[in-house]
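The same chain A turns up in both complexes below, where it pairs with chain B and then with chain C.
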Partner chain A sequence: MANIKTIDKKSKAQSMGMHTEVLTGRTQQKFFNPDEAENFYYFGTYDVDFNKRTDLDVMNMSAPEANKEIDNLMSQGYGTIVIKNPQGKHSLGVGILNKLNLIFEGSLGYFGMGSCDGPIVRINGRVGWSCAENLMAGKVVIEKNAGSCFGAAIRGGDLICKGSVGARTGIDMKGGTIIIGGDAGAFTGFMMQRGRIIILGDVGINLGDSMYDGTIFVGGEIGSYGSDAVDAELTSSDQNWLRRKLKVAEIGDDFDVSKMKKIVAGKKLWNYDNLEPTEKKGAI
Partner chain B sequence: MCGIAGLIHRGKSSNVGSELQGMLQALKHRGEDSTGYALYGDTDGKNFIMRFKVGENVGEGSSSVMEDVSVYDERKKIVDQTLAEMGAKIVKEERTLPYSLRYEIDFETKDLLDFSQRIESIPGVEILSMGKSLEVIKDLGNAKMVCDRYSLDKLVGTHAIGHARMATESGVDIKSAHPFWGYPFSDVSVVHNGQLTNYWNNRRVLENKGMRFMSECDSELIAVYIAQKMREGASLEEGMKDSLSGLDGVFTYFVATKDSLGMAKDTMAAKPLVLYESDDLVAMGSEEIAIRSVLPHEIDTYDPFDGEVKVWQI
Partner chain C sequence: MAKKKGKKTSSKKQVRGQLGKKKETAREKMIGQTIGYRYDVNLLPDYKKITPFLKKYIEAMGWDDLNWLEDVHMGYEDDRPAVFCRNANGWVTIPKSIKLPNNQQDRDMIARELLVKFQMSPKHPLVDLKKAYLKF
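Here is the complex of A and B:
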């Protein structure tokens, strides 16, 4: 691969496997145009300074009020925000499209950190259902347990739970990485389409049911395989990647990745190669 | 949608009426067509407490038919007469609302089936609960409205379960509200969040075995199903484990008895439940905010897995 730091936009895109020419025949691919790069920047994002830090106590705020205040603080340039007393409230921290250090001192309810693109988040507590749904980029770390539908439909970024998670983790995920330090429930990786899931503990029934693509790594016992999920060979390249990923995630330092099981889709889907916005951004 | 909540104090009593009110009120966005409490109060254990209704709440939003209040009085008279005929002595009588009554009854029996059948053979009368500790209180409105209406915030006991209901498959009325009494077992109650898809098949089988259904609410099936298993000699936990295969659909439910509280989650884990467990308290609810209403400080909670059954003793 060419050095993407030194080559022009078009070459960068092509070096990452993207196309600028129109192919003939039956295809559903979307084509990348480097001249439209400005379209990939979000309206309403802010320049923030990570060294500019503040606390926000949301004890007596509703979720919309708290989220609006986070936005307000980012508009003032705060790059590190510590949320006090989240008290299990739903929908906190949603729709953040900025680079931001966000720390929650406590637990979140449903839909926490949904539809985010870019923030680095640490939650010193537990999260409810559908945490980080539709995450595009960034990193979300949960120090305790997580509910069901963890990382539903994520497209990119790293989503890490140091405890155990509920059912349907990574359902419909389209990219990114989910790392679970403990156990995972039933239907993990249900209909996943891309990305990787790493579970250091046990996993419930119907693992990878109806998965189209992507990879699941399991360190413990598997309750049962779902339809279309099959074992694959764990290569040395996989093991190296797992070690690097677990180190970055600060999880499972001493874990023997060589004994992990690798599960992939047993069927091949055609015309399933659309480029995701995150990949487009990466090429710019 | 519906929300459920429950808590059990181990080794002590607490103001469970107020605590459950806080938990259910935190879940009111999951439904406030009706709210129900199953409270296990501190009693001397000598008398039965019978909560029953002689009519429906016909307030705004109710799907019940309006009746003249004099009908309620007439039904109450027949109940009193029937109790006297069975040798049951009313020790204390409270009539919180025209249609809702609470009796403390001095009555010796080990089989409440005959007793219940005779009381409920009176048209328009339904026993909401029967037991020496259990009191089921349910009515239209959110948790605070029901709590205020029945003055539940002072009730001291060991454990409680409750339900905030969004009516879906049956009417907005008290008979379809949760909790359901585990008829005809003393001190057994059930709340449920979810949907059962083999309701009618199971109902037909259970009715043929002599069990009764008062509503067309699918959740009532759980109470009757567990009660029938216990009639056949199963323990509470065995009955709950059996329900995971016997009941079809998606569900999370709680069952409480005089001295225990249990939870079960279907094998798809399709309905939510968050659980907090310590040496002296177990609290659980459809959402963590319910638990936060009694434990505002930072705690460790988790989601039980698919097909999980747990039972705790006081």
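Here is the complex of A and C:
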């Protein structure tokens, strides 16, 4: 762990009390034998059985109560949980860091399935803003439409909406795949840094605005390109991967992926830290 | 008079970096700093190269494909091949005993396998952190 060491005041900033301590020794060595861990079990998670199934009616529960009950059921080994009457409640199913088969029979409100790591989720309705925000791993399928900021800042996993989504889909995403069966709104892929977005329908204005990296595939019409978003060549490897992914998403069986457009970052916004002083000089 | 110690000069020019490439990229020269990635972050996985361990892992988790591991690649840290562990927020260097293949796709599969094993190991840093700070 990093050691916290108090140092004498040296610089002007330090004398002003802005920072009086320094972090040293951040590197730590941990050794492990690759053969020791073939248990498919993460420390601190529940060992659930997908064949053990139960229902949970959340009609008269608040979101924290419902989430705690899901956790309680997982601790009892339930690997498949069906949530009845979600009734558009906000923040349902957040923070599940476990493998789990979760089915919602209805719609979710804002921030549904946020900060999850591992579950397979099916929502037989619609979702509000910021569905599956910060998803780390797993698969979330929405049968109908989704609100704006769909999959904001996701790091990994597959997020699928069979209908259409609002604006700023995949904003600030750092990994994973977002798949949309219908249309997407403005500023899709805004500031994305890594990962992939697939849109089978049309997309609004400013697609991939200020994207640092990552890839966007579009099947329909593009409203307009955002800053630093450029076209790229669709390779055979891309097409094979797209066919595979659409099969996983259970959409677009007969969709012709060879006609999709591929958009990537022009990388003119990359690593501008060292260029900044020059720009400042120019401005002064 | 004391003999002046000659500065030892290595005949080999030290190269920091980069699988396959030995020089800085034009972009790195231009911006004057190293770009951390030593691989194409957009490289899509070749599922023909998947290892038996990864197949078992996918099955155990109930997924259809590599899922989050699609974003995991073999990189380079301090002149050694390594894979980034987002849970520990650090690079896990690959043991010297593991011989690395020539192509990035095979290297990526090895990186994915090692990363999953590391994260499931009781020696993963998160195990201690969870014991100390886990709230519920």
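Throughout what follows, the second predicted complex is superposed on the first by the 223 of 284 C-alpha atoms of A that agree within 3 Å, B and C clash if a C-alpha of one lies under 4 Å from a C-alpha of the other, contacts with A are read in each partner's own complex, and residues count from 1 in each chain.
Rule of thumb we're sticking to: contacts are C-beta pairs under 8 Å (C-beta built on N, C-alpha and C of every residue); 3 or more make two chains touch, one makes a residue touch a chain.
As the structure is a prediction and not an experimental result, all values here were calculated from the model.
Of the two partner chains placed around the shared chain by superposition, neither chain B nor chain C is touched by A:N67. Among chain B and chain C, the chain that touches a larger number of residues in chain A is C.
When the two complexes are overlaid on their common chain A, residue A:Y110 makes contact with chain B while staying clear of chain C.
Once the two complexes are overlaid on the shared chain, A:G118 sits against chain C while remaining clear of chain B. Of the two partner chains, neither chain B nor chain C is touched by A:T169.
In the superposed model, A:S91 makes contact with neither chain B nor chain C.
Contact with neither chain B nor chain C is seen for A:N134 once the two complexes are overlaid on the shared chain.
The interface of chain A with chain B does not overlap its interface with chain C at any residue. Considering their complex, residues 87-90, 105-107, 109-110, 125-126, 128-129, 144-148, 163-168, 183, 185-187, 204-205 of chain A touch chain B. Put simply, chain C touches chain A in their complex at residues 27, 31-33, 35, 41-42, 44-47, 53, 56-57, 60-65, 67-71, 86, 88, 90, 95, 113-114, 117-127, 130, 134, 136. For chain A in complex with chain C, the residues that touch the partner chain are 28, 30-32, 34, 36-44, 50, 71, 99, 101, 118, 120, 136-139, 155-158, 175-177, 194-196, 213-215, 237-238, 241, 244-245, 247-248, 264, 267, 270-275. The residues of chain B lying in touch with chain A in their complex are 267-270, 272, 274, 287-289, 291-292, 296, 298-303, 305-307.
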